[in-house]
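Input: structures, listed below.
One chain, chain A, appears in both complexes that follow, with chain B as partner in the first and chain C in the second.
And now, the complex of A and B:
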């Protein structure tokens, strides 16, 4: 008669809207310009990274400053797959995820011994070590980096079909393919995180984040949960990194392991939007992109503004812009709260 | 040859300890992870540079004049911003200082361009001293001596003054310290101010020993943090030991292969963390 549910009217409306958006997104390359596709690719990949960092810090309580390690290793593994093994770049992306997993296991062994601030700095140092080691890898260009060879970029799986379908040039077809893959990735990652939050696992995760001791006392295996979250985030970050550098087709250790691009901005996006919610990173990435477009001509002013906004949000609205919106309106587009649904109880309200 | 490498490493460690001393103080007293520390050092270096190039002061006088300015800056920063976000959760201060780091870097870039600069040190620059077994540069020696002096001074302040007692009390237990009539927020503001004075000293040597530009802050921050963590929370001599460990690891790494210098320092840090996750000489508990 009564059952626990997370379903709300706003949630159902969002589900329908998201479905429509995904279908529109798939069809978009037919009408959008190449520049628009590239912008959307950037937005989608940053959103994926933001959702993943939010999974780590916002739900898992793991404040990592070293996610660029997985972006970089994923991207380099993709390049290695193409250049050394002759794989098709699309399949080599999977190699990126695998490499991130391989790096994440020893990283977790090491970093989980550290607490709080030590964890943050420890992950950063590991990212630096990975960058410096990769810079020694001369066949992949050492410190100066390398590009994907012509024969590989002109031969990516599916680009022929895209060229035939939309009548575009090869480079534009590669952008469209990368965009579709980014769309797939963001849907899988966001959907996966949402599913996780609504599952028993998500409940356990929230309990661990809020109070480890209390969670343990009711039988939650906090250690295993942390491992699971860290590894999942690492693999998906590696895949995203590989995809980002498939689109640019050029790599260098400094670009692939950049702490500002792949961690600082990502953290700003999550914080400005609202940490610990699915909606937060979405709002954050929109703000990020609008700022970037509006201040594009002013060079470093854009980054200064971004930093100042992040500070201001932390001081005056610690739950981010989405936190402000949802506190005012009570709106949750991706509801996770469990409510009792059923006939009204006599005398209750 | 190896003795020479060792001595160079120890002296380099003095520079890292100097980078780290201010951070160690702040981290020890209020557990604040200041991700802008490296950029604050670079900021102070530009302040000294202005004094030298614009007003024709000697670097030492310029640094001396920059110190009260930086103290005021630190005091304001702590009072207006950092005190509001300090708490049990490490995320808010981390994010705010990350934001500050990006603001400082890009502000300096806007004000001073990306060109490499250097604080002219006159005759000191290439001078060296023959100590019989090894020859050492005067500048590295001076750096190391300054690091020791800074740590002695900070320790004297920490253990022999009323202010130091308040520092230790808030470090151990904020709530109880508050009950004893200490205002933690005021103490924190003074601590950050003092840390910025040490930062200015570190900036002087950073700028005189090598070229700097607005982007080098984060790398200095990592060395500084490694030194603090290796040394253990709240121990300034530990921080010196941490700096020396990284310095020695770096010079030995560089002696084997110049490309391994920085890598060797990081690996030494990871090794210490594996063996002693709380550092070598922790004074306070986390």
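And now, the complex of A and C:
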């Protein structure tokens, strides 16, 4: 008699648009310049990191300031796979995910004993300790870092095919491959988070975010859920880190574990766009990219401007730009609301 | 017996908030708990639900020792509770609040819980507002949601913590009628309440707590006539 519905017209339209965008994205290297591909690679990897941080903070209530630990360890594991084990860089990316998982388990063990701001600081401290330890790894360049060997970068899986397909040079083929992998990663991560939200676990995550004690009182295992979210985010962040440094082909502890690049900017993207929604980081990364392009030549003024914008958004639009758009239009591109349909029910929410 | 507490005690440092409590609740009974503020009523609830673990004593639910069992396990065994201050999942709708409780409290697929949730919403007069975000509800509706969400877990034992507090006389009457209907289906109820006329119209026995100790248990008329209870709880000089 009663029915549960989640489907909306906007959701169906979004699904079609996303499919078209993915296909267009795959075909884009045929017409786009190398610079455009590199810009898109940056946007896609930052979007992936932002969706993952949003999963942690926006859905799981885990405000981590130490996600650079997983970017860095993922990148270094990929370098170790290539340099020490002789793996092809594409396969070595998977090693990045595995290394991030191995680091995430003890990190969660210690950090979950802390709450709120202490959790945030704790994750940051763990990331710094990891950076200092990695800087002692002389085989991978110690504190000054290292580059992927020439024979490895010239022999990356799939680049021969890309060169033949698009008639480009080796470096450009590597960029295209990295871009396609970034596209794959962002689709899997965003799609995975959306699936998670629409699954039974999505309800549990929302319940824990809203009220942990009440969530436990209805049988939600809040502790296990937080572990799951933290580990999933760490693995995907590790894969993203490995991919980012596959594209640059050069690594150093300061670059791989940079709190500004891999956490502060990511938090900015999520806060500006709108925390706790899938649409928010998408809007946020576009705004971030535009600001970055426009203000790149202004040195520290660039960072101060980002900070001021973030403060203004937090004060006047705490749900971010997407929150404003959604409140005015009632639009939800990725609908997750379960609606009860049947007799005697009023429509609105 | 559905619930049995044997010599249960809980202390925070030197402060004993539950002092050697022994009580047995038969299946299908409605038991009221009264006592002055700070008597340890909510702590006793937390001990039964597993949110707090006792220092001494034993707690049995459905014949099984649950003294050390975590709260989630007790929910799945059939202990449902409401909170004194309503704690809805504010970002979820009323229906989603129930769906979460049903899916995790009973364990099952969302799609299989829809009719049961709709039935509970109807019974608690929330069906019209099923798709309303819980954070926007009035106090009465938040109280109803507390009750509805606890029911959605499929409880054999329902613990109600001051669910009538802060309501108008008319609102209170409507809520009591709902609780009576739930009790009529032989759901066991333990109810902490300061609104005595509401409580006494439902429960078969009253338990009085003071400084964590049970100072009386019995039929509501007998308890209300007790000299000790009148002095301690009602503040009357006799």
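The rule we apply is simple: the second predicted complex is superposed on the first by the 338 of 349 C-alpha atoms of A that agree within 3 Å, B and C clash if a C-alpha of one lies under 4 Å from a C-alpha of the other, contacts with A are read in each partner's own complex, and residues count from 1 in each chain.
Note that contacts are C-beta pairs under 8 Å (C-beta built on N, C-alpha and C of every residue); 3 or more make two chains touch, one makes a residue touch a chain.
Here the structure is a predicted model, which means the values were calculated and not measured.
By the touch criterion defined above, A:210 reaches chain C but does not reach chain B. Looking at the shared chain after the overlay, A:23 reaches neither chain B nor chain C. In the superposition on chain A, A:165 contacts neither chain B nor chain C.
Annotation for chain A, partner touching more residues between chain B and chain C: B.
Of the two partner chains placed by superposition, only chain B is touched by A:57; chain C is not. In the superposed model, A:84 lies in contact with neither chain B nor chain C.
Across the complex, chain C is touched by residues 1-4, 200, 203-204, 206-207, 209-211, 213-221, 276, 337-340, 342, 344-349 of chain A. Only residues 49, 51, 71-72, 75-76, 81, 83, 87-93, 95-96, 99-101, 103-105, 107, 109-111, 114-115, 117-118, 121-122, 127-133, 149-150, 152-153 of chain C touch chain A when the two sit together in their complex. For chain B in complex with chain A, the touching residues are 27, 31, 33, 35, 81, 84-85, 90-92, 94-96, 98-103, 105-107, 109-110, 218, 222, 225-226, 229, 259, 262-263, 266-267, 269-270, 273-274, 277, 286.
Across the interface of their complex, chain B is touched by residues 57, 63, 65, 110, 113-118, 120-122, 124-126, 128-129, 132-133, 135-136, 259-260, 264, 267-268, 271, 275, 299-301, 303-304, 306-308, 310-311, 314-315, 318 of chain A.
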